[in-house]
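Common to both upcoming complexes is subunit A, partnered first by subunit B, then by subunit C.
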Partner chain A sequence: MDPVYIARHPAAAWRRLEDEVIVISASDSSLFTLNEVAAEIWECADGRTPLAEIVAQHIVTRYDVGFDEAYSDARELVEQLAGKGILIVSGEPITGGDGR
Partner chain B sequence: MSRLLGEVHEKALRLGIPWNVHLDLTWRCNLRCVHCYLVQREGPELKLEEVSRVLEELAACGTLFLCLSGGEVMLREDLFDIMERARRLNFYITVKTNGTMLEAEAVRRLAELNVARVDVSLYSHQPEIHDAVTQAPGSFARTMAAVRELTSRGVKVQISHVLMRQAAASYTEVRRLAAELGATYKLDATITPRLDGNAGVLRLNVPDAIWREIYNDPELVGPLMPDSPRSAPSALAELPCSAGHTACYISPFGDVYPCVQFPLRLGNVREQSFEKIWRESPALLRWRAVRNADLVVCRTCELHNVCSRCPGLAYMEGDLLGPSRLDCEKAYARTGLRPAPLAE
Partner chain C sequence: MQRESARFRVVINIGGLATGFVGTDLAIAQSLERRYHGYLASPLAPATCEFTVVRATARVEGDNAGVEITHHDGRWFIRRGSLSAEYDPVAARGSAHLDDRPYDIDSLLRIVHTLLLAREGGFLLHAASAVRDGHALVFAGASGAGKTTICRLAPPDAVLLTDEISYLRPTAYGYTAFGTPFTGELGIPGMPISAPVRAVYLLAHGDRTRIEPMRPAEAVRSVLRHVLFFATEPESVQAVLNAVCQFTRSTPVYRLEFRPEPDVWERI
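Coming up: the complex of A and B.
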């Protein structure tokens, strides 16, 4: 499995509200709410931790789901968020995201 | 407000989060606008480290939307240090400025820091009228140059048009100018008293006929009548305003208020943490207990559905629970129906 790295886009502003994360893009003011699992992944998106490690350590251990299914869902999620312009996805560690 | 933003706002209210904070970094200004509501005040502004601490407290309390303003905010030499720290804390930042000090390098920094929007004040599409309001010859040209530089760098700009008697009919032209510049347009048709209660500037308000025109312009407000459909029932709808519930204002000297236009002092961040003021200020808790049903005159007014009653204005007019005469006049202009306080 090729490593995948994710970083919050530097134009994304966000806050956790209880079990959700609210994200708003400074680029176009579009607003997103991320559910509990997506919020976990979002908060771990530092550009340095591989997605597989995030899923293994923060999703599989906390929710009743196997790694393969969780990783597949996570890949789909991060691609969607990248498509919305609020997350950066790369095969290399990322500098310049909001993890800086 | 979009449905999603409305839902998030409701959630912020339920959780007691100061979702929108307006932080003035200075009251100093390089212009001398004739209608300005700020008062001269001596005393030290919050220093960079104090502002940083406040930003950290706001982030911990859940604030997302941060408006940095003044005075003229560009007079703060540490403005970009403050913005960098705010962005590291993941705030959505908007900036209010007159634009006259925004040169290319500053604009580049604003773009680099992903400032969501810059609100630029404009008073007319005619340079001589704008400059007469600011009492600064050449200010119109400098403001226009800043707007062009901002939009060329991809920074979103909103022209904040304060309409006043000197240019009462100018809103159509200023709106057109904003569109030509690639900016959005926001009309503010109400001149409010100075924060010390001095109401002399109210003479600058536009004549009633212009208010009537504005409030029936479909592109601005559109016609509204008492039987206009109400928004869905919500916790917010029971409140006189979001000020002090999900919004607040912090002055350059650290004083906390429910809103920039609501001079009910709640505390000072140099003396207490922001969170302590937000959670425990006696004045704020008293204000938070007020519901629309407690507004002695307004609760029975047939125009309550179309009135933009501002509790800060009512407070400055002398009765927090009473009507704001200025808003009664606007409701009258909007509907042609005379609210009870104007009949007295």
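Coming up: the complex of A and C.
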């Protein structure tokens, strides 16, 4: 499995609210709400931690789901968020994310 | 011999933030004084920001032109129809080419106040608001949701702050709503007064009056959908998001379905 790295886009404003994360794209003011699992992945998107490690450590251990299914869902999620312009996805570690 | 034109200075105070306009086109001065009659400060008053204004050469009919705001080299550049402006937030000075009709000046004021308020934890909301019993009630909703209707149903002791754009910023008394001259369907400017906000109601028409509290995340999402967003720089957008989160932590937010009958005001 090739490593996948994810980083929050620096033009995305966001806040955690209870078990959700609200994200606003600064480029077009679009508003997104991430559910509990997506919020976990979002908060771990530091550009340095591989997606597989995020899924293994934060999703599989907390939710009743196998790694393969969780990773497949996570890949789909991060591609969607990248398509919205609020997440960066790369095969290499990413510098220049929001750095939080 | 060249004769120097007379210069004017008009200061408009909305929400405690004074915006100065200087120029030589007296038609623009008269338009400002007429439209913002209740919000004029002394021409000598200090201003939070100041614009040199000249008449735009291009004219665009209607007020449906899209807003284009860019930010580079530390300056904001604003275009909307015949309005073209730039603003340096460090110097608190800018210049604008605009028409003497209401659209341009209203647009410039709304945009500038939005950008200034973001730094102070405030924001503009598509919402009607009114003061009753010393507190402000805010009624947010898209066009057709009932902002004008709720204003028309207001009892005599309610003082209208706006029927279209609510002005919200934190003060020593908590989040406070200020009157604005920005009008909607009602066409009546709000009174230039302020009061701490008691509650926000997200409006929807219904077959009976029903009020339900919103949980925090839902409240933030709902309020955000009605915030006037012009900024495109991430810091300003983050500031607005933080402001809305702070606002909804300290202010109850309700969903209000209502029938257009006067007793709705007694229920809230």
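Following the convention adopted for this analysis, the second predicted complex is superposed on the first by the 99 of 100 C-alpha atoms of A that agree within 3 Å, B and C clash if a C-alpha of one lies under 4 Å from a C-alpha of the other, contacts with A are read in each partner's own complex, and residues count from 1 in each chain.
Assume a residue touches a chain if its C-beta (ideal position, glycine included) is under 8 Å from a C-beta of that chain, and two chains touch if they have at least 3 such contacts.
Since we're looking at a predicted model, the values are computed, not measured.
Asker: So in the superposed three-chain picture, is A:A13 touching just subunit B, just subunit C, both, or none of them (first/second/both/neither)?
Answerer: both
Asker: Go through the superposed model and pick first if A:A26 touches only subunit B, second if only subunit C, both, or neither.
Answerer: Touch status of A:A26: both partners.
Asker: Of all the subunit A residues, which ones make contact with subunit B and with subunit C?
Answerer: Comparing the two interfaces on subunit A, one with subunit B and one with subunit C, the shared residues are 10-15, 17-18, 22, 24, 26-27, 29, 31, 33.
Asker: Where on subunit A does subunit C make contact in their complex?
Answerer: Listed in rising order, the residues of subunit A that touch subunit C are 10-15, 17-18, 20, 22, 24, 26-27, 29, 31, 33.
Asker: Could you list, by residue number, the parts of subunit B that touch subunit A in their complex?
Answerer: Interface residues on subunit B, with respect to subunit A: 2, 4-5, 8, 11-12, 15, 17, 59, 62-64, 87-88, 90-93, 114-117.
Asker: In their shared complex, at which residues does subunit A touch subunit B?
Answerer: These residues of subunit A touch subunit B: 10-18, 22, 24, 26-27, 29, 31, 33, 98, 100.
Asker: Within the complex, which stretch of subunit C touches subunit A?
Answerer: Touching subunit A from subunit C are residues 215-217, 220-221, 224-225, 229, 231-234, 236-238, 240-242, 245.
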